[in-house]
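To start, the structure itself, in structure tokens.
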Amino acid sequence: MAGSTFGNIFRCTTWGESHGKAIGVVVDGCPAGLSLEEEKIQIYMDRRKPGQNRFSTQRKESDSIEILSGVFEGKTTGTPISMIVRNEDQHSKDYKDIASYYRPGHADYTFDEKFGFRDYRGGGRSSGRETIGRVAAGAIALEALKELGVQVTAYTSQIGNVKVDRVKVDRHNIMKSPIYMPDLEASQRAMEAIDFARKECDSLGGMVDCVVTGLPAGVGEPVFDKLDARLAQAVMSIGAVKGVSIGAGFTVCSSKGSDNNDEFTGDDPHENKRGMVNYFFDEDGNLISNIKSTNNAGGILGGISDSDPILLSAAFKPTPSISKQQRTISISGKGMDISIQGRHDPVIAPRAVVVVESMVALTLFDLLLTSMTSRMDAVVDFFR
Amino acid sequence: MAGSTFGNIFRCTTWGESHGKAIGVVVDGCPAGLSLEEEKIQIYMDRRKPGQNRFSTQRKESDSIEILSGVFEGKTTGTPISMIVRNEDQHSKDYKDIASYYRPGHADYTFDEKFGFRDYRGGGRSSGRETIGRVAAGAIALEALKELGVQVTAYTSQIGNVKVDRVKVDRHNIMKSPIYMPDLEASQRAMEAIDFARKECDSLGGMVDCVVTGLPAGVGEPVFDKLDARLAQAVMSIGAVKGVSIGAGFTVCSSKGSDNNDEFTGDDPHENKRGMVNYFFDEDGNLISNIKSTNNAGGILGGISDSDPILLSAAFKPTPSISKQQRTISISGKGMDISIQGRHDPVIAPRAVVVVESMVALTLFDLLLTSMTSRMDAVVDFFR
Amino acid sequence: MAGSTFGNIFRCTTWGESHGKAIGVVVDGCPAGLSLEEEKIQIYMDRRKPGQNRFSTQRKESDSIEILSGVFEGKTTGTPISMIVRNEDQHSKDYKDIASYYRPGHADYTFDEKFGFRDYRGGGRSSGRETIGRVAAGAIALEALKELGVQVTAYTSQIGNVKVDRVKVDRHNIMKSPIYMPDLEASQRAMEAIDFARKECDSLGGMVDCVVTGLPAGVGEPVFDKLDARLAQAVMSIGAVKGVSIGAGFTVCSSKGSDNNDEFTGDDPHENKRGMVNYFFDEDGNLISNIKSTNNAGGILGGISDSDPILLSAAFKPTPSISKQQRTISISGKGMDISIQGRHDPVIAPRAVVVVESMVALTLFDLLLTSMTSRMDAVVDFFR
Amino acid sequence: MAGSTFGNIFRCTTWGESHGKAIGVVVDGCPAGLSLEEEKIQIYMDRRKPGQNRFSTQRKESDSIEILSGVFEGKTTGTPISMIVRNEDQHSKDYKDIASYYRPGHADYTFDEKFGFRDYRGGGRSSGRETIGRVAAGAIALEALKELGVQVTAYTSQIGNVKVDRVKVDRHNIMKSPIYMPDLEASQRAMEAIDFARKECDSLGGMVDCVVTGLPAGVGEPVFDKLDARLAQAVMSIGAVKGVSIGAGFTVCSSKGSDNNDEFTGDDPHENKRGMVNYFFDEDGNLISNIKSTNNAGGILGGISDSDPILLSAAFKPTPSISKQQRTISISGKGMDISIQGRHDPVIAPRAVVVVESMVALTLFDLLLTSMTSRMDAVVDFFR
């Protein structure tokens, strides 16, 4: 499997390098008749694009998306949707010297080992710009999911040592924070931490949380294509992610069954749903749930959605490109000191928020379409 | 994608329910000429099988593997290898009442929602017995990897609040601990914790770590089929896993680039490799590395192996079946109290150790075979 | 792709060798709730099984199918359906000498070249018994298609120089002919031709035609997964098939556009449908059609079904195993004369009739399920 | 499976409509280090492009290919190769009226049935221009195969009632014939037949033959991914193809085993190879063979290549767009008479020659790469 294709029914194939002519994606298997125009997709692109504020790289790219096929008179036709973004602000000369050594934390070494050589300009295919195709494809999935009442919302939950207070998280604040951190107090402190790290010629790690509401029960296939398994692949495939968790995540290791099990409460909204202070949490800061008293499961039981919110967290490592001096080796194996110049994000997580939403949406829409064939009676009804 | 198939070139398809006639797997794409016999596979099966000691379910199954095809005169033929285990000790009557309600933390509810009904006997397809097929297939992958010098070793690193001290981990101790915890002091405390939990009619969560040594650089495909992405899917697809991490894992969220980046040290063993106290760690308790001074990356850069040990952790939730009283609903939505009887593991992680090894091996061998086509010069050489 | 799996949503994986312990198949992705029992599948198995009359091999096999998983209380559960047939009448000693040379027209040579050695007993994996798994899986697809009003009917249309007269074809006669040739006059002559060939220690080629009625319009995906393309793969994958055609087939090469184009007639049955003499043909021997005046297209336009009958033909080569003396080489490359003994079909086509039906059904049901996601409005309706 | 992707290891995804902005393809999984430049690919594009002579459509397109990614300093990098052709000469107004009715022999009706509406301009996705992506991808596969000593050569073997005399076929004449018919006498008569058909406002069918030399034995996977099965899918997926055959093709139906079986002759060239008059045929007009006395098998036994030339034929229907008056229905189901204007090929086969080569090459290279993992000893050697 060549590795640039994701999904089975709704599938996207991304292509392009950081400093090549363009970057793009082909989305195949999108149902016909979905309203789609470049403006809609551009909104998502703009959330990802560089140079938005001092917390992201200063590379200037308009990242204007162009739809080349698969849309006719404002609607998808059911045939492949090809989308392209031309690269503009390529300072390839910034990268010439990196052809001669291996940057710590980057894919330089492994690409050379695998392919024999590499397009070293700006990281080539392993650049963060690779996610342009993911976001463009994800935008279509997100729009389709909206039509089905499914909402995917990601946000920054941690940067360095600054974590959001989950009780204070309010989805309405996500876009108010330049770093998409919906606890605005934490957001302020996180921005200060980023400024400090940059001054130190260093970078910071972070965490992105994602909540999905409105997903019907029954999505995900048993065994290897479990909803959580496919989400894990999807999110772990984003560069810089070193961990993925669902629901209570790694805290389950130290918990007891009686604590971790979520009791079923039926679907009477009065009996079950606790009063909501904000979008995702009740007044005690507990995650809301439709059918269970708690949601440690993160909306997935046995790999299949249970209609409660899907809860996912992704750990992002600090940007490996730092101007602080580091020890490494040249491509001929000689030890050397380097200090990486160029225009780099001091932290990856905030710009990755829309990428996480995209990957989650690509997974969900593909498995949602797959779930249409789970029952013979529904199939018979469909063709009647 | 029906969900019961994993892998692209080396692929397995598992089948079977907990209380059906049998459970099995078909492995397709195994290269011809690998030595294989039932005895070899049985060794792995025995590590997984129930009733081994007081820390696992008391269901008695011989779990004897039978090879039905694909092996001729002791060698794989290149055609599908079908393997089967007959179910023997089925106390299906134990499960009759569970047909009428939804067990918290189980897949009962979601299977009903997805498929309209379920084989409720012992959890049906969502039972832990489903992993029999994974282990049988994984055994073949593990044997093939051994021929290539790749060693996959998993162990229990945490149970409840008891964690191994990484400096004290010694791979030679793994099999000395009934719960596969290679820090024997921690193992002792963990077993006490399990005994206590069982007395309380409760269960415990745990963590499994996995280390891969000997994997050459260049394994894993860029973008969606990154080695870590595919490992994440593989391991998250194991029932009860709620989180997967690579290398430094979730600790990267709060780290700085200068700390998290692993410096390249070249491949001079004298300069780079630190003296080893035990298999995985040097005398300071640091993870050993061939080409980097540290291994926060967990042997994967840009989704491609870098020849250093692959490091992976998986979070296992506590067994959801507990005899402690729980609140739930009947299949008609009425609230009720239940106490789950039957023969259940008080903790899942130890029996899952060999399952983690299996899933990691299935992923690695598939991607290793895939990596044979990465370079045109190697392809030309191959056919010369 | 290891090669033993077919289908995307509804997919089957076959396994087993002619003289191994057993032969079987795993069907994954079958919608839950389809009535299924061994007796139903056995009917299809019996049409394929050897030793039915003098026109097939005299190997005696009950070919009893056993369902091992995926069915609970008479209904499919949505999980993998594993089915197995034990081999019984293995005259492996008949095949010992064929280990030492390459039979003309067989896969002996190519298996050795590919895999380094082969399970020579009865052709191993390349035996006609490999189709057992196809028929068992196909039986499920055929039953599911029936629920949807789709009927797949194949028959022998030619053996040696004897062809059916298409005007005389009557589907009610298919089962009245021991060789499934629904023009009973032709059937008689064909049986005589087979008897003659056998006396000459020789074998005959033949053709199988397949007609699908009741398939709704819209099945098949543009470009590479066209309905005809997938049917071609499915049918050409049956051993001994050397050609596949759709509708007017190879006669199109010498036809003109004005002759070959089928005029659309709308869907008024009085205006369009010609009076039917028999199942597939009108009184002039023309193929019936719902929406077109003729059906040279064979029910497929642009790779997508048009609701008219699907028409497919497959060319089967003569059985390569003949007792007539042939020239060949030993595995060490020496020239030699051989005369193949053992129990062989004097003609392949008749026993392949049910195999063609199976492969067509596997293709149709998979693409029919796929077509459920073609339109966004239908998707939205489905989840409302 | 969305249908626009072909291949497993070496895979291409095509996109684009006849009158959209552009048409293109993404090739993923191409080994790194293959020399590649636009000029090389353009040679193949030019063989397909319209307006070359009076035997093809007069639409004027430069069909200039642009490589957007995956190539660095003249060599493939192992990452996706995105290629694009801008549409230029779009007479979309020619097609406005076809929005209102269904053209016989076209996909208008089935696209509407499947997707609810269609991009009617020039046939949209079902236009012959869709093959641009196939040829661009195929060009890469053909170049890679050349490096491995594999030569794929297709030619027109029949147009209307004019067939090449196989003894007179000389591959050196292929490019000398404007319709790629390497028996120049037949070529002359065929061109006259085309001229006559066009005067009659009609079109002609044709056949394309393809010969592959230099393919090593062992390519193709048993059962569903047999080399011939995958070739059948590949070639049948080309618009207008109604039949595909291998080797002796449909003539096997009426042949005897003793005639059809190819005797093995070992690999002594003096004993086996007959003197060659021309590229493909010996002095008696028999197809040449390396290891067999004849090649009715077409170089494939049991779905696996045997090192002899692969022989394949494809039947192309006459161009459905004819200016002769035809009966059809409007999109609202009313009967009507139409005469299709616009710029259409009077015959499809000649322009499809390079498309057949492309599809065959895409299949071969993918399966050739797959075959690298057939034997464990070769895998062990590879990684040693």
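Annotations for the structure displayed:
Note that the chains take the letters A, B, C and D in the order they are written out, and that residue 1 is the start of every chain.
Convention: contacts are C-beta pairs under 8 Å (C-beta built on N, C-alpha and C of every residue); 3 or more make two chains touch, one makes a residue touch a chain.
Predicted, not measured: the structure shown is a model, and the values here were computed from it.
Set side by side, the interfaces C-D and B-D show unequal numbers of C-beta pairs in contact, with more at C-D. Greatest Cα centroid separation from subunit A: this falls to C.
Here the spacing of subunit C and subunit D, counted between their Cα centres, is 25 Å. Centre to centre, using the average C-alpha position, subunit B and subunit D are separated by 45 Å.
Of all residues in subunit D, those that touch two or more other chains are 1-5, 8-10, 14, 29, 32-33, 78-79, 114-116, 125, 222, 370, 374-375, 377.
Subunit D meets subunit C in the complex at residues 1-6, 8, 14, 102, 104-107, 109-111, 113-116, 125-126, 130, 158, 160-161, 197, 202-207, 217-226, 228-237, 239, 241-250, 252-267, 291-293, 296-298, 300-307, 315-322, 324, 326-329, 333-335, 370-371, 374-375, 377. By the touch criterion stated above, subunit A contacts subunit D in their complex at residues 1-5, 8-11, 13-17, 20-24, 26, 28-29, 32-33, 66, 68-70, 72, 75, 77-82, 84, 114-119, 124-125.
Across the complex, subunit D is touched by residues 8-10, 29, 31-34, 76, 78-79, 144, 147-149, 216, 222, 368-370, 372-380, 382-383 of subunit B.
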